[in-house]
């Protein structure tokens, strides 16, 4: 039987094809991660992660098990979003590469009160980070999906009574100047101000009456939500750019409607 | 090199563990199938199919490639839903089993006119068949998902104006007396009569006005839709039983509401 | 403006259609739940839950917001799986119904060592509970999906060298005599003994060598895995019945193979 | 009652927020489309489409129903991939916009023979087109997912016998010089030459023996497949650029491995 010491290391072999690869790594690894939130609380999330490095033309392959080990070690203690940078630096150094990339997807819970009775509940916000560490070309994109409501201005205007409305997903892609990812907390108020209404986890009857009337008083096309969000996001100092999209799960159709705005990039 | 004739047939070996298996087969095979519709037209669908047989305790395995071949042969010519029976008989006989089962999932398109302008469009109805051929225990379940609309009676009653509404999925599981699967065509009118409104592929402004007002005039909880459907399905002579469910993609929440009714079985 | 006290309660209205409903409730509510594990540790999971009750023919609707509130309250403290029973009792009583049902889906992490180097990693096991409280007809089904490996005995037997192998999903549906749900911990060894190999989160080269040779020494059809699991599960005293399925993501095909065994029910 | 003629047209209103939108349209519309293939045959696919236009700052909204109508009309007759350009031109003109975009996703079937017995079967290739018509900035990306097989060179080298292997997805993003989308037919041979083996719809025992031995003789990391594909795609005259990725559904892990190469853009 071969002993451990003698096992060949094929990934370290010389490659002669002359093709450098931009990303080599693991994908769809599910693991628990504890995050430090903006209020310095902790929240444990279940993350699905992709972690990769670039490899030069001469190197046959990446040592995949080191990527798994690096990710586990990073996740063994509570982390702020900013500490993603440390994960990428460790990854790059341990794998002997020049660039490292992380994609991490998780559901983040925000405690949201009902509008009238203030009953608390968990609003779950789909979140994803795409972060790259690369000399002179690093970036971080934070992606959030906020559940909200659109009430159709056209339907309201043409009808004697009523107006079709529906759940709508407000998607944000945020490029931060400091190249560090963010949590969704501070962006929820922008959605609340831009859509016909926010979605709420618990609504008692007085809350439901409020949401019904408030959304009727604030009809919004997906175009309106995208524009309102664009104006509000343009004022955010921490962003070097953003994309925003509103997609409504049309109540009257079996397809959706959407509108998208992409900001120019700034320093 | 081994020649073809000499290749061992491991699946045909004797098994000594004494465990008969209820289903052995292929799953998630995607293939084109042309169906004959109730109006004797044809519609090509893209089906995802599972096909399986039972095997006795003594038999090590099933010959999976025969299942693929049988399915391809059946699908090489246009088929009525009733011809699923022939597929199951051939499968059972070719595999030398006692029972054969098919699950087939596809999107079926129905041409639906807008309510006022009568503009035509394709309503896609998610469809699945689960059919089993087994001495004395054969069955066929036809499953359909119809997109519709619910307008909340509570929201309407408690609010000065407006009412939240949303896309809702009306799901049917139909057990037919003749143990043959069905297409969704004849069940659409039941959904149209039971929900606040049907969903439509194309709506011009006069249509949108109609749907808005019609749904406001016909508020329905998911409970109401389930009950209305239950009453209508109970009158269907071709059914030996059914299950019906309405699930609404709540516009005011990030979760859904649902109601389900299950009929007693009859001969 | 209407005051809170005067808001009509449409769900409490009398229904005259004469149709009792088997399940009315909320679906796809995502929330954090902390579970007490068999070793008396705690594990926080992100659950997606459906909670419902039956309603009698005379009652127009269920109070959906009470279901959300009941679930949140239950999840506000760490819970053993057995405490699902208390959740169902509270739900039934607060909603004034006779039956209550829960479906809860989450990923559960088990710390699993690599076979040679014993490097630890998280194996994530997809888990779902379906529990019903109903006079004389209560039940609990625990559903687990274990990732494993199958190496094809036919491929090994007919080839000069090598054998195709692939990731395979071993799915268990367990019906427990005490009608309480379970966590997957104690069932992992059964999968390890039944498949060609378990899947592992981290494998260093000596581990990879072991898994490669071990799986080649233990070729298993999906039929073999289903039978091995059936024999092992039949000996479990806590079960009143079970279903087991092995589905392999065939490396040589773009479709899967599967085998299923369903036990007779016992007291 | 309001008559048709008098219905207000809210989408045509003047907007004063000063925000032009990059994309406004419909999403997830499912419809049947008949394609003319490179051999001048026809293949009907079930497409899921997003169709959108840009709108200027002054315009409140897009007329969504015109997008649906335009798509239906285009799909009412068999189409070559190149005719996507006509769809985009019509869309742009009918909506009075400067740019139009299409995303269309479908499964495309290729008839593929088994390697020894030449038994025919359908290989389904997930396909997506993203096409944009915009003065000076038009593009077309064709995306394909080919199912193939990777056999691990490291596992083969370190083990006395056997080698883990698995289904792997070879993903291509092709940017064409003529800015017209493509079908996958001509790219299949590149995958066949680059992976350890192609995946096949039907394999009889002599075929299975061949695939087992052939893949053992051609071990490939995901890195190898990405590089082999990169070399082959670099020679394609019709491309102005491409991205290629190989992702293996690791048989030994519950996560995947992947490698990605992105070409420089050329005229």
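All chains are identified by letter, namely A, B, C and D, in their written order; residue positions are counted from 1 within each chain.
Definition applied: contacts are C-beta pairs under 8 Å (C-beta built on N, C-alpha and C of every residue); 3 or more make two chains touch, one makes a residue touch a chain.
Just so we're clear, the structure is a prediction, and the values are computed from it rather than from any experiment.
**Student:** Supply the minimal count of touching-chain steps required to go from subunit A to subunit C.
**Tutor:** Contact-graph shortest path, subunit A to subunit C, evaluates to 1.
**Student:** In terms of CA centroid distance, which chain is the most far removed from subunit B?
**Tutor:** A
**Student:** How many Å are there between the centre of subunit C and the centre of subunit D, using C-alpha atoms for each centre?
**Tutor:** Here the centre of subunit D sits 35 Å away from the centre of subunit C.
**Student:** Please report how many Å separate the Cα centroid of subunit B from that of subunit D, as a whole number.
**Tutor:** Averaging C-alpha atoms per chain gives centres 28 Å apart.
**Student:** Using CA atom averages as chain centres, what separation in Å is found between subunit B and subunit C?
**Tutor:** Spacing between the chain centres: roughly 24 Å.
**Student:** Where in subunit B do residues touch at least two different other chains?
**Tutor:** In subunit B, residues 2, 7, 9, 29-30, 68, 124, 154, 158, 160, 201, 203, 205, 209, 254-255 touch at least two other chains, as defined above.
**Student:** Within their complex, state which residues of subunit D touch subunit C.
**Tutor:** Touching subunit C: residues 123-124, 147, 149, 151-152, 154-155, 158-167, 197, 199-201, 203, 205, 208-209, 211-213, 215-216, 249-255 of subunit D.
**Student:** Looking at the complex, which residues from subunit B come into contact with subunit C?
**Tutor:** Residues of subunit B touching subunit C: 1-2, 7-11, 15, 17, 19, 21-30, 50, 52, 55, 60-62, 64, 68, 153-154, 157-158, 160, 221-224, 226-228, 230-231, 247, 254-262.
**Student:** Quick check on the complex: what are the subunit A residues that touch subunit C?
**Tutor:** Subunit A reaches subunit C through residues 2, 4, 7, 9, 29-32, 44-46, 65, 68-69, 72, 107, 109, 119, 121-122, 124, 201-206, 209.
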